[in-house]
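Submitted below is the structure of interest, expressed as structure tokens.
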Amino acid sequence: MQEIGIGIVGGGYMGKAHAVAHAAVGAVFGTRLRPRLEMVCASSAQSAEGYRQAYGFAHATSDWRTLVNDPQVGAVIIATPQETHRPIAEAAFALGKPVFCEKPLGASLADSRAMVAAAEASGCANMAGFNYIRTPASQFARKLIADGAIGDITWFRGEHTEDFFADPAAPATWRTHGAANGTMGDLAPHMINAALALIGPIDRLIAEVETVHSKRPGGTVTNDDHAQMMCRFANGVMGQMYFSRIATGRKMGYAYEITGTKGAIRFDQEDQNALWLYRMEGPDATRGFTKILTGPDHPDYLPFCQGPGHGTGYQDQIIIEARDFLRAIETGQPVWPTFRDGMEVNRIVAAALQASEQKTWVDVATI
Amino acid sequence: MQEIGIGIVGGGYMGKAHAVAHAAVGAVFGTRLRPRLEMVCASSAQSAEGYRQAYGFAHATSDWRTLVNDPQVGAVIIATPQETHRPIAEAAFALGKPVFCEKPLGASLADSRAMVAAAEASGCANMAGFNYIRTPASQFARKLIADGAIGDITWFRGEHTEDFFADPAAPATWRTHGAANGTMGDLAPHMINAALALIGPIDRLIAEVETVHSKRPGGTVTNDDHAQMMCRFANGVMGQMYFSRIATGRKMGYAYEITGTKGAIRFDQEDQNALWLYRMEGPDATRGFTKILTGPDHPDYLPFCQGPGHGTGYQDQIIIEARDFLRAIETGQPVWPTFRDGMEVNRIVAAALQASEQKTWVDVATI
Amino acid sequence: MQEIGIGIVGGGYMGKAHAVAHAAVGAVFGTRLRPRLEMVCASSAQSAEGYRQAYGFAHATSDWRTLVNDPQVGAVIIATPQETHRPIAEAAFALGKPVFCEKPLGASLADSRAMVAAAEASGCANMAGFNYIRTPASQFARKLIADGAIGDITWFRGEHTEDFFADPAAPATWRTHGAANGTMGDLAPHMINAALALIGPIDRLIAEVETVHSKRPGGTVTNDDHAQMMCRFANGVMGQMYFSRIATGRKMGYAYEITGTKGAIRFDQEDQNALWLYRMEGPDATRGFTKILTGPDHPDYLPFCQGPGHGTGYQDQIIIEARDFLRAIETGQPVWPTFRDGMEVNRIVAAALQASEQKTWVDVATI
Amino acid sequence: MQEIGIGIVGGGYMGKAHAVAHAAVGAVFGTRLRPRLEMVCASSAQSAEGYRQAYGFAHATSDWRTLVNDPQVGAVIIATPQETHRPIAEAAFALGKPVFCEKPLGASLADSRAMVAAAEASGCANMAGFNYIRTPASQFARKLIADGAIGDITWFRGEHTEDFFADPAAPATWRTHGAANGTMGDLAPHMINAALALIGPIDRLIAEVETVHSKRPGGTVTNDDHAQMMCRFANGVMGQMYFSRIATGRKMGYAYEITGTKGAIRFDQEDQNALWLYRMEGPDATRGFTKILTGPDHPDYLPFCQGPGHGTGYQDQIIIEARDFLRAIETGQPVWPTFRDGMEVNRIVAAALQASEQKTWVDVATI
């Protein structure tokens, strides 16, 4: 077993999730490379020290450059607002350090492209953090499709829907300002990443992006509440997507349906331990969607969850990300999703915004 | 109680369903106007006689004009292929006889417009047969929305998906030829009608209509397998629809989700006795989608189904249609959906076909 | 096609359901024997005449003997309170007329035994009306078990639960008096019949029968609110049952789970068009309960419901009963469930009441 | 923040789960008392050293006495086979060290009683590990009942069902020998604990315990495959339970239904992030079971899982146990479930075995 010092930039929600993941991943997966919580960075020295104690880091700093430059920090995790992703990543790559960056990759497509260039020039391990696709159910869906279990895909429908802004009386916050914090900036990337991973690249699309509640107590809303999209994948599959933060009743509506010539798959993150599979096999009388409970026979099922039905949850997705990041560092081989995959998501978002504004189909290759 | 002689043109699947419905509706709903199975018409004298005996009609004919002209026939039900709807309806209206016409109304928008003109000129009761929307669950959904139970609608998603042509090896039949028998011609009208009934008129839309399996054993397929649509309703609601006859695993995927500012509704005809309702009421800790089983407290629940959970099925939808048609005849008041409503569905189909061909948004008012 | 005059004793809820069923059954199933609504009997001449008009009978009477004796009445349906079942059935059998009797067969086990004796002595068709087991899903469950699809059965759990008396403030009615109207008398027979049909005869059992709300507005409750049972079937299967009219939230909780050595089956009448089937087949990774939507490939699916997912409902169960009764009359062969099957249900109820009182296991053979 | 050295006896499945939990709990819940992975004990020095490295303990031993006696070990977690629980616990309590013991508490009721006596004499924190009841959904169910949300309870049904021995061809293992490893010894305690926690003490019960597949490849089975029970709680509630390791298709069938006079609750661990709640409130037309997704508004929801729907899994239950054990140590107040609660579970198991053998109701007070 070897050790690597982990530096996490950002101590909030996602920083904490990654800190817990790196504290647990060695024992959970028996990784050869063992992470050590070396340094945490936050916007003030005081909050950084608070995070250090709370999560068990050795050191704290309020300057991300200190963290990136520290020789004890062998790998960097970026869990800060999007605007800051690019300089941190570029600095780390310049020093030859692997970087895991939370989704969405860059605050703009230009940023993401620069980050991909820096990553690839450095030859370092680089991963983008799209956690939801990490559930065993979704990884099994990918495998089923790749194995041809449902034949050729004919249709895809995906959504990422939540309802934290469904109530028009919910006051304006930092989330109601800045494209990066709106639905297309923050929620849509999860499902777009899933669509690319499950079906493949998107060729063209048309979309409508909309702010439904433009005034909220405390201010005007300057970013989008929901968006709908139709698209055509490179392999000819036709699809629809929908993203919303005003989807009343939806808590984690990360859901998709995939129809193929030999079967179909359905998934909803609100019941993340189940995958629904239909196959055109056997007599008609016994056909139907089968509710498969994920377990040890599925990819990425946590080894200590002995049987199916024991269940994995949100934090487990982050632990799996940690394992994969360590694996990428250790092997020097890229592990999906790389920065390039993250950039492709930004590209689809940019295409959708253009399609909505111009009210036309947009060819993604032109973006 | 008064009696009315019913003439049904078409003795196949839907003709039978209407015959059974009119045999049962009086007892089920205690209607004042009582239908009498007077005459059935089929393409040959032999099959007409077979239907007469099988369903219990007094007379049979192979000429729809005989049926329409018979003075004992007080009302006409059209359950024949779409191409024949117009002349039969026009002839009946010319004689001042009420007409119930199966969906979709006309084989073309022009036909439908002519049928509406004939109906309205005659002043006769006229109804279009969109049976699925007749379930108590869907009627309750309409009522909830009208009562403001889920606030202002922000999004609609509807589908009509089945899988009878999912298998590429399924041979070509009459269903694989003629626009009227394709997905947009035959399946889509059901959900388009639901969308109009639940949300309101559609202002503009964009669509993709596609034949996935263009060759089947026995011939080339000349109509569409599936289609996707995005639309904007007149009241500003944004929406998506999908129609398919190749939706592997879907048997009666007549399903919709409606999101509002105060709640949400979900329905799937595959479990037609349940409506899912979310409301932003009470403490967060006890909120969630409520699975309401339809019963006597809901509109159109069959009176002999004493309690919720007893369950209504496909034939019950047709019995409700029969009751409503009798009511329209008796009161002289239009009962939804009228021919005009049926024509609006044809208009949306025409707009979608144009949008798909031109690859642009189409303003429905221009159709 | 031949005709038979149907006489229905009792014009209330079930009488109406059977009247509608016999008006529809010929057209629905294309039966060779065609029923004619000949006479309806109710407690007063006025109500009988009301039923006659409402349901379309030729004649009405307030004396069941008149109905039974009328030569135009070829078969008798008993849909009156349990106390009256025996004399009506005996009179009909004495005249050689087939009898369909609503569940539960007799008001007492002695009555049921006498009715079976009369039926078998007459050689007439005789059927007991347990409608819920008639759904295509439950008939398919029987077939799957018989075909060995789930191997040897190891466990059975059944319930019949509703909530019409869940509210302690619900006033006393005729339903709160008389053993025949309590949970064991009225609800339990449905699920006991299902258990016998699905698994086989019961050897021994132990039960607890209880009145939870002994006082209600308007009076004292003298019959049982709910009951639980454990039993051992003759084939060694171990099982549990529960019956309740105070099962808050349950509307038609006619539900069972059957575990076998090769698979399992689950059913709930609240979603009566679905059967859940698990089979120990194929790789573990794709195993799970399959939600089968009943359709034309399943027994007793109504022929006009073209595809799976169209859905059958409560009234359709009664139509299927009508078809089977006609078939029994026509062929002279007994059709399940016969009076003898109905009597076996009474026997289990009697055994359960004794087990509850004596607080011991009861050997059914001793009853 | 203070630190405490944790010693875990047993490095297998549960030992690992607890090791991960104690590595994560501080960061997850921000506990004031912080665990330090001090020592792990396994049956051989080699495997102990393997666990030490894998899970990150400071020291390893093959002698549990060494672990218990080590002054750096401030609290002991017992995750060994049941037969060993008692001496380890007694030794730890004798030294005044808090003990967390995996379920079931003792290998026999006598062992459990001795362990309770030792625990209470020592005054030390003591907890029994029934992890499944720790899900936010089940903790919320307890709260709802305590708050009277569903009125007075009238019925309880619980099951713990899995299918790891459903296949008769599955070979005999250590699990097929020894009462402690059978269904009543190993699985039933989980649901019995839930029943006691949700409803209260059980007064009397009757049960059947059975070995269905007594011969398996590799040997004879000497313990039980499944068991059914009926019981009466001290508060008068009537209930049924079922436990099985041959419940084909069930992976984590830890499920219960609770009926009250004002509502009902349903839960199934296979979808552990959902609780179904029915309440007799509001108009009948909008009543139904509400599917509540657990989130921050529910007890014990993990703080880093921002919103409902993010989801908790198996390991999270163990992390919550770790938090509660630390809390008990820190405050000196007993935290449920204590050893006494664990002993009560053993008592019910003993009563059930007696009831099955004697085929009579058993009064739990006599055990």
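Going in written order, the chains are labelled A, B, C and D, and every chain counts its residues from 1.
In this section, a residue touches a chain if its C-beta (ideal position, glycine included) is under 8 Å from a C-beta of that chain, and two chains touch if they have at least 3 such contacts.
These figures come from a predicted structure and were not determined experimentally.
Distance between Cα centroids is largest for the pairing of subunit B with D. More inter-chain C-beta contacts link the pair A-D than the other of C-D and A-D. For the pair subunit B and subunit D, the distance between mean C-alpha positions equals 54 Å.
Each chain gets a centre from the mean of its Cα atoms; for subunit C and subunit D, those two points are 42 Å apart. Spacing of subunit A relative to subunit D, judged by their CA centroids, is 34 angstrom. Multi-chain contact residues of subunit D (touching two or more other chains): 250, 287-289, 293, 295. Touching subunit C in their complex are the following residues of subunit D: 150, 154-155, 157, 166-168, 206, 208, 210, 212, 225-226, 228, 230, 232, 238-240, 242, 244, 246-250, 259-264, 278, 280, 287-289, 359-361.
By the touch criterion stated above, subunit B contacts subunit D in their complex at residues 140, 149, 274, 277, 279, 283-293, 295, 297-298. Interface residues of subunit B facing subunit C in the complex, by the touch rule stated above, are 1, 13, 16-17, 19-20, 23-24, 26-28, 30, 34, 53-56, 162, 164, 250-253, 269-274, 293, 295, 302, 304-316.
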